[in-house]
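Have a look at the structure below, then the notes.
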Amino acid sequence: MAPYELGLISIGAIVALIYAGAYIAVALSLVSFVLVAMLKGTPIAVHLLTLAAADSISSQTFAVIPLFVLMGLIMSASNVGRDAYDVADHFLRRIRGGLGLATVTSNAVFAAVTGVSIAAAAVFTRVAVPEMLRLGYHPRFAVGVVAGSSVLGMLIPPSILLIIYAILTDQSIGMMFYAGIGPGILLSAVYCAGIIGMAFLLPRFVYDVDGRFADLHASSDRPRLSALDVIRKGGPLILLIVIVLGGIYGGVFTPTEAGAIGSFAALIIAIARRSLTLKSFWNVLLETGHITASVCFLIIAATMYSRALTVAGVPFWLSGLVSGEGDSFLLVMLVYIVVILLLGTIIDSVSIILIMVPLFLPILNGMGADIVWFGIVTIITVEIGLLTPPLGMACFVIKGSLPDNRIKLGDIFSGAAPFALMMLFVVALIVSFPDLVYVGRWFGM
Amino acid sequence: QETVDLTVVSGFSPTVAAVKMLQESFIPTVNEELAKTGNYEINWQEAFSGTLATPGGELEAVQTGLADVGVIVTAIHSDKIPLYLIGYVTPFTTTDMVLVHNVVDGLVEKYPAFNETWDKFNQVTLSASGIADNYIVCSAKPIESVDDIDGLKIGGIGPNLRWVEPIGGVGVNANLGNFYNMTQTGVTDAILVWGESVVSLKFYEVCPYYFNANLGGANTYAVNVNKQKWETLPEEVQSALETGAKAYSVAIGEFAATLGERAIETFKENGGTVVQIDEQERLEWAATLPNIAQEWADEMEAQGIPGNDILHDYMSAMREADQPIARQWDEN
Amino acid sequence: MANNPSTGPDEETLPSDHSPWIPGLTPAVTGMNMVGAVVVLAMAVIVNVDVLGRWLFNAPLDGAVELTEMGIVAIVYLQLAHAVAVGKLTRSEMLLELTERRLPRLNLALRLAFNLMGAFVLAVIVYGQVPRLISAWENGFYKGNPGIFRAPMWPLEAILLIGAAFALVQFLVLAWRNAGLMRDLGRARP
């Protein structure tokens, strides 16, 4: 049997183990171990695991995770996020599915200060989900909206994935950031349209018609906000955005350092508003560590597995499928997108980019494709993997941050499914109309 | 015909010259060598761009046998293979990368300490090579003379940060992967890079002032093979790999020189300003540095390695080749 | 959130993949968890000092990059054992929930198998990490550069080893508990 065939079988083994209920990180690392042991012997399999355990997250790319999560949790603990959400809700609640729109909009704004999606997922699970449940939305929809809109964090700059792609393909980071803006707005708009559509056409999906969470519903209407309230509640978030974006574009710090500065700024705002006690700050630190540890352990295990696939020659075999001379551009893109979607079910975003982009870049380059456009297509497609089972990082973070145990991982995946489909729709739009990537061209610039 | 499987590892992607030249020189040369007799064929497995190891992780990947062949960036392992830092402790000496490669390979042959360095990491080295033919200062702020460097935040790979500290530069640790971004965002005002990288990685977009300080080049890479793997390879394959590694070193040196020459031109075409350092200033700058070469030699001697002799041989070879030496590092 | 370690929850009421309070082990794991939280804070402080120092005084903090890259690894292994102990490691619970009532024996057998798998994987990591720690200690490996900033690697390698070892023990404790519950089940319905 060819090594790549063993590699393909291993994918099935992982999926089976995960659905049977194995710890996902354990399933990934165990299968990596067995695969490499069969191909290269036990000692090398031991080294593969140990080396990945030590080096796969020891870089600036991952060092920012706790810092952005910390910023998000401070904002959540000090009600900065919730207040901003109230403001968005104030303007949108009369629309059907309005709270869904509020979640998408505030996530789009939050995306401008965070570089990793999981921070947005953690924050809005705390902020938006209880509010939506309270007002009679279906729990599946509530977590689905949060999962779906958390991906905006990686698309709207700053974004770790855009930085990784730019470095890998020798593009300007500024250009990649610029190219993320238009598609970020487009995806937000498609989400909003989709939410309104679902609220009218599939009310059972959007609202808790069966009363499964009736104990959480509150019939009383919330008080209207005065203009002053809007400023008071929305101001801190705006200030934070000004500090972070101003710092990045004013050359004071890098997007990767923004999380730490944002945490500091959020802490000062929280102290100024007297909304954070020493004890709740300590809990925020503990929880930041928890989220970081469980997410990073998954990333470590996914790295082990992506390296095991490399050892088995699976990526090489994959690129052999499409490097034929006569392949049409659209066919190559189709294969590329399908492969990323499949890998996205079990590998983390960064690993997929590291595996796939170098394989396909020369092919796409040879066909004269726009590398910036290619990057945006890649990133949105990779981000769909955050929402798809069995390994969907955004859904895991939401599960980890949910106070209510009645919402299951399966609820989150099924709630996120419509949003994954909408992302796929946006990918199709961008493949069909490449100019959509450049927001300036929308206005003929 | 027998087929040999070899996995080649680098944490960098083919946009970086060291990997590009693996694909364009090393692998084809080895294949050609073997095709001469047709006894063996290599089934190459390319594991670049971090698919098997991170940048810097290649050393351990080759050590443990996870990969068979790897390009090790010696400059980022000051703790593990300090002996190979010889180029970084002798700045202002040479700008001829092919010469550096030949001289260092000569030292490796003469002094067993070089090969013994790799023993500890369970690998054999085929050839030492480099890419940084001539370090320059690429700056976002105008630099007319060395005085202008005072107070600038300067990004460098690590060992070379010591070059700029005595003249008031503030060292910031960075690498090829984040130089562009850090300079664009102002975290660094300037970077220590070389002509080829300025062109390949488009640094002229973020730092339009090219201060050609002739800081010189240094050996940066070593092409290594896992020891157990090496011992199982037939002699014919071993010698083909050695030939390939030598060709790689020459190719990378020539690539650096060719693109380096074009760098100034490309720089000007893109609206940049090029300033040549005044020779007197260059001598003064070199004289301001602490004797980092001597510090290095002493540290080697403490480990039982003849650091002073190695340093002396290196500098003698450079003198014989008439290089623009600004400071005789082996004479206090 | 976290249970009070001094009293500990009643073992009978624990979900079957939740570690009971164990003298020695539980306080150690809880302590590591707290150190992890302190490392989070330290990382945020380091980056802020670096950025503000660079911006205001032209004096970046030497080693900020190296320290944060080490910090992230430390956080993961300091908190891993705690995550295992409280059942926070991510998994899909669909099948486990389906079988909980109807097929309790299969359910416990699955949980036992998964906990043993976790112990095995961590045992592999521990086994491979021992020589790495020894090598880092004996050779004095460090991150950084001579003459600028150096941080020894061995403390981090030790954290990785200790963290993985505690997580391994926690998996074994969970497996032991699964086995115990299976035995009780056998007694109740022979």
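Letters A, B and C name the chains as they come in the text, with residue numbers starting at 1 for each one.
In the analysis below, contacts are C-beta pairs under 8 Å (C-beta built on N, C-alpha and C of every residue); 3 or more make two chains touch, one makes a residue touch a chain.
All figures in this text were calculated on a predicted structure; none of them were measured in a lab.
Taken as a contact graph, with one node per protein chain and an edge wherever two chains touch, the assembly is complete, since every chain touches every other chain. Each chain gets a centre from its C-alpha atoms; the one nearest the centre of all protein C-alpha atoms is A. Note: centroid distance chain B to chain C, computed from Cα atoms, is 39 Å. Averaged C-alpha coordinates put the centre of chain A at 37 Å from the centre of chain B. Taking each chain's centre as the mean of its C-alpha atoms, chain A lies 24 Å from chain C. Residue positions 47, 51, 58-60, 252-253, 257 of chain A are each in touch with at least two other chains. Shared contact sites, meaning residues of chain B that touch two or more other chains, fall at 187. Multi-chain contact residues of chain C (touching two or more other chains) are listed as 65. Of all the residues in chain A, the ones that touch chain B in their complex are 40, 43-44, 47-48, 51, 55-56, 58-60, 163, 166-170, 172-174, 248-255, 257, 306-307, 310-311, 313, 315-316, 354-355, 357-358, 362. Those residues of chain B that touch chain A in the complex are listed here as 7, 13-15, 45-54, 56-57, 60-61, 64-66, 177-178, 180-182, 184-187, 200-202, 205.
Residues 18-27, 29-30, 33, 45-47, 49-51, 53-54, 57-60, 62-63, 65-67, 70, 252-253, 257, 259-261, 263-264, 282-283, 285-290, 292-294, 296-298, 300, 389-390, 396, 399-400, 408-410 of chain A touch chain C in their complex. Taken together, the chain C residues at the contact with chain A in this complex read 1-2, 33-34, 36-41, 43-44, 46-48, 50-51, 55, 65, 68-73, 75-76, 78-80, 82-83, 88-97, 110-111, 114, 117-118, 120-121, 124-125, 127-129, 132, 157, 160, 164. Those residues of chain B whose C-beta lies close enough to touch chain C in the complex are 78-80, 82, 120, 151, 153, 158-159, 161-162, 170-174, 187, 292, 295, 299.
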